[in-house]
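What follows is a pair of complexes built around chain A, which joins chain B in one and chain C in the other.
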Partner chain A sequence: MIGSFLTALRDGVLIGIKGTGGKVIFPPTEYDPDTAEETSGIVNVGPGAVVTSWGWVSQPLKQHPLAHPFAWALIQPDGADTAMLHVVDAGSESAMATGMRVTATFRPADERIGAMADLVAFVPEEAK
Partner chain B sequence: MSDQTYVTSDPRGSITKLDTPSRLEYFFTAGTSLSKNLRGYQRGQFIGQRCPVCSKVYVPSRGSCPVDGVALTEEVELKNTGTVTTFCVVNVPFAGQSIKIPYIAGQILLDGANLSFMGLIQECELEEVRMGMRVEAVWVDKADLVPSLASVKYFRPTGEPDAAYETYQEYL
Partner chain C sequence: MSTIPATRQGHRPVAIVGFSQNHSVRSDSTSNEVEMLLPVIHDVFNRAGLTKDEIGFICSGSTDYLIGGPFSFVTALDAIGVWPPKSESHVEMDGAWALYEAFVRLQEGDLDTALVYGFGKSSLGDLNEIYNLQLDPYTMAPLHPDLVSLAALQARAVIDQGLGTEEDFARIAARSRRDAMTNPYAQIKRDDDVASLMREPYLVSPLRRHCLPPISDGASAIILAAGEKAFELAEHPAWITGIDHRIETHAFGARNLAVSTSTAKAAAIAGVGEGHVDLAELLTPFAHQELIVKAALGLSDSVAINPSGGPLAANPLMSGGLNRLGEAAQAILDGRATRTVAHATGGPLLQQNLVCVLEGA
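Now for the complex of A and B:
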């Protein structure tokens, strides 16, 4: 399942999977964490998404994905029922809000290798 | 698109494995005894400590005698020469290797010391290295001395007759 997720990232696509009752889990898991039932049915989600929670990093550390201030955020792509922790590159803390619309940005296609870093960040939708 | 697997049209096919390079950074606090040893490297000297009970000289010293359990206070400067107690010709490449293979890693027992440590042996044919071989330290240029064993470029044979087995047998 991780392989599928990473392969989709290389294609510049976000995928989720259907869990119990048709709930779409993102990122995809092999089992529904609520019911332990096997998941089935990969679906495309995003690239548009909603920030459900966030925290601002004003002084990024060396090991952070961006060198300039950014937000860690729980991000729920359109079509998904769960959120994933990722980066919002919003420029400033004042640009951040719970419920804000963001969209996924990927590395250029010829630089994507099928790894988490293929997904660079989410950016505010109006900025794109 | 199948039900359980994402299908790509990418000619490279599906991702089935990934590399995740990891790195550990840490600070090492040397403590007073090992600091003396490390400062010695910065001056181009081997500094050890002698046990007040058994008189053994530890280089590098960790500040106490593992046999007698007492603190070591007497500082000892050791000579530049020593004996290869045992060795390994390294032919196997491994991650992070900084020396061109094949090379010789030897356990060096400095003259006057009662503890051996590992050192690189150079200026020596692979088939020439042997237990008991006499060696001397070759230091980096004075300007390049640092408070670590990196100040010792390597050990090389002195050409003296081999040390008798009895002189190093208890350090194997």
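Now for the complex of A and C:
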């Protein structure tokens, strides 16, 4: 399942998978974390998404994905029922809010390698 | 002979009869892990009036990632001096889970006592890098989120869902530091006022420095005894009348971070709500986590939470949870309480939780 997810990232696409009752789990897992039932049926989600929680980093650490101030966030793509950890490159904390809309930005197609690094950040939707 | 309270787990009653901890410090640069443990092990034997030769089973909790070398828990056995050989086990978890294993082991009926200990020298490495290793290796670890940033996501969820405010976080920190002033083993002891704490700048919003635990080196140990043996070793044994631990998905984006389902499940099985609670010791290293765990345990506002100061005053990794069990038991051992609750956690953002109910006769 992780291979399908990372391969889709290489193609610039976010995918989830259907769990119990049709709930779409993102990132996809082999099982539903609530019921332990096997999942099946990959679906495309995003690239538009909603921020469900966030924290503003004014002084990034050297190992962080961005070198300038940014937000860590839980991001739930359109069509998904769960969220994923990633970063929002919003410019300033005042641009951040729970429930704000963001969209995924990917590295150029010829630089993608099928890893999380292919997904650079999420940015506020109006800035795209 | 005193009577043993009814227990909900296990067919053989087990009690905590001795607890010892060292003074948590930011960096114990003069002792290695064995040297840090040695006085704690000696002290806990003295408190229970036992020698190592009388111990039936030994179980420890620690993580090799802190020291950066394999099998450091084997070296730690030198703090006991296990010759002739002893039945021994280890969990790569907080010592609270080592206590759970020892509790289960004593159910076998062939042994009457167990020594449990936990130790962690947090000062030896970069905790953000070490704790990154517990995250999903494909989707989370490559992003290198730090501990404070992850906690901020959970704190925001608490605020957004109306379960707490930034001022609540400051009040919890101020109370913990003030309570710690009477705890000789605590690290952060101060009488702070909430207004001045609120003036601190954000580290990662919505968290300020006071919302975070200190970084601590520390160790602690507990002695368990089963059945009538407990009355030989303690005047007021702290009986484990309920104990359970539950885990949730490591994909924390699939959880409601402001609610602890696993704590609530463990609390129901351990029977937290089946009687009054004198005090509760919770391993909630970030201030907002106290609100989450308190709600999951169903504790009323009249229950004293972390009267020892708790993890916001001293947070030795891998023994912090065992300390909660020890502090909750000590209140019963001292005759200060008759029914207490202890909680421990492991994994990112309260992923796994252990709940224990302790009762005096």
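The rule is simple: the second predicted complex is superposed on the first by the 128 of 128 C-alpha atoms of A that agree within 3 Å, B and C clash if a C-alpha of one lies under 4 Å from a C-alpha of the other, contacts with A are read in each partner's own complex, and residues count from 1 in each chain.
Keep this in mind: a residue touches a chain if its C-beta (ideal position, glycine included) is under 8 Å from a C-beta of that chain, and two chains touch if they have at least 3 such contacts.
None of the values given here were measured: they were computed from a predicted structure.
Participant: Quick one: on chain A, after the overlay, do chain B and chain C clash, or do they fit? Just give me the call.
Facilitator: fit
Participant: Answer with first, second, both or neither: which of chain B and chain C does A:A8 touch in the superposed model?
Facilitator: first
Participant: Look at A:P33 in the shared chain and tell me whether it touches chain B only, chain C only, both, or neither; answer first, second, both or neither.
Facilitator: In the superposition, A:P33 contacts chain C only.
Participant: State whether A:T105 touches chain B only (first), chain C only (second), both chains, or neither.
Facilitator: After superposing on A, A:T105 lies clear of both chain B and chain C.
Participant: Name the contact category of A:I42: first (chain B only), second (chain C only), both, or neither.
Facilitator: After superposition on chain A, A:I42 lies in contact with chain B alone.
Participant: Give the label of whichever partner, chain B or chain C, reaches more residues of chain A.
Facilitator: If we count touched residues of chain A for both partners, the winner is C.
Participant: If we overlay the two complexes on their shared chain A, which of chain B and chain C does A:L61 touch? Say first, second, both or neither.
Facilitator: In the superposed model, A:L61 contacts chain C only, not chain B.
Participant: Between chain B (first) and chain C (second), which does A:M84 come into contact with in this model arrangement: first, second, both, or neither?
Facilitator: It touches chain C, and chain B stays clear.
Participant: Report, please, how wide the angle is at the C-alpha centre of chain A between chain B and chain C, in steps of 10 degrees.
Facilitator: 60
Participant: Thinking of the overlay built on chain A, is A:A115 touched by chain B (first), by chain C (second), by both, or by neither?
Facilitator: After superposition on chain A, A:A115 lies in contact with both partners, chain B and chain C.
Participant: Applying the touch criterion given at the start, work out whether A:W72 contacts chain B, chain C, both or neither, answering first, second, both or neither.
Facilitator: A:W72 sits against chain C, while chain B stays out of touch.
Participant: Tell me, in angstrom, the smallest C-alpha to C-alpha distance between chain B and chain C in the overlaid model?
Facilitator: For chain B and chain C in the superposition, the minimum C-alpha gap reads 6 Å.
Participant: Considering each complex separately, which residues of chain A are in contact with chain B in the first and with chain C in the second?
Facilitator: 5-6, 115
Participant: Contact residues on chain A for chain B in the complex?
Facilitator: 1, 3-8, 10-11, 15, 40-42, 114-115
Participant: Please output the residues of chain C touching chain A within their complex, sorted ascending.
Facilitator: Residues of chain C touching chain A: 128-129, 138-140, 142-146, 149-157, 160, 202, 204-207, 248-249, 251-255, 257.
Participant: Looking at the complex, which residues from chain B come into contact with chain A?
Facilitator: 1-6, 8-10, 12, 14-16, 18
Participant: Once bound in the complex, which stretches of chain A touch chain C?
Facilitator: Touching chain C from chain A are residues 2, 5-6, 25-27, 29, 33, 52-58, 61, 63-65, 72-76, 82-87, 93, 98, 115-117.
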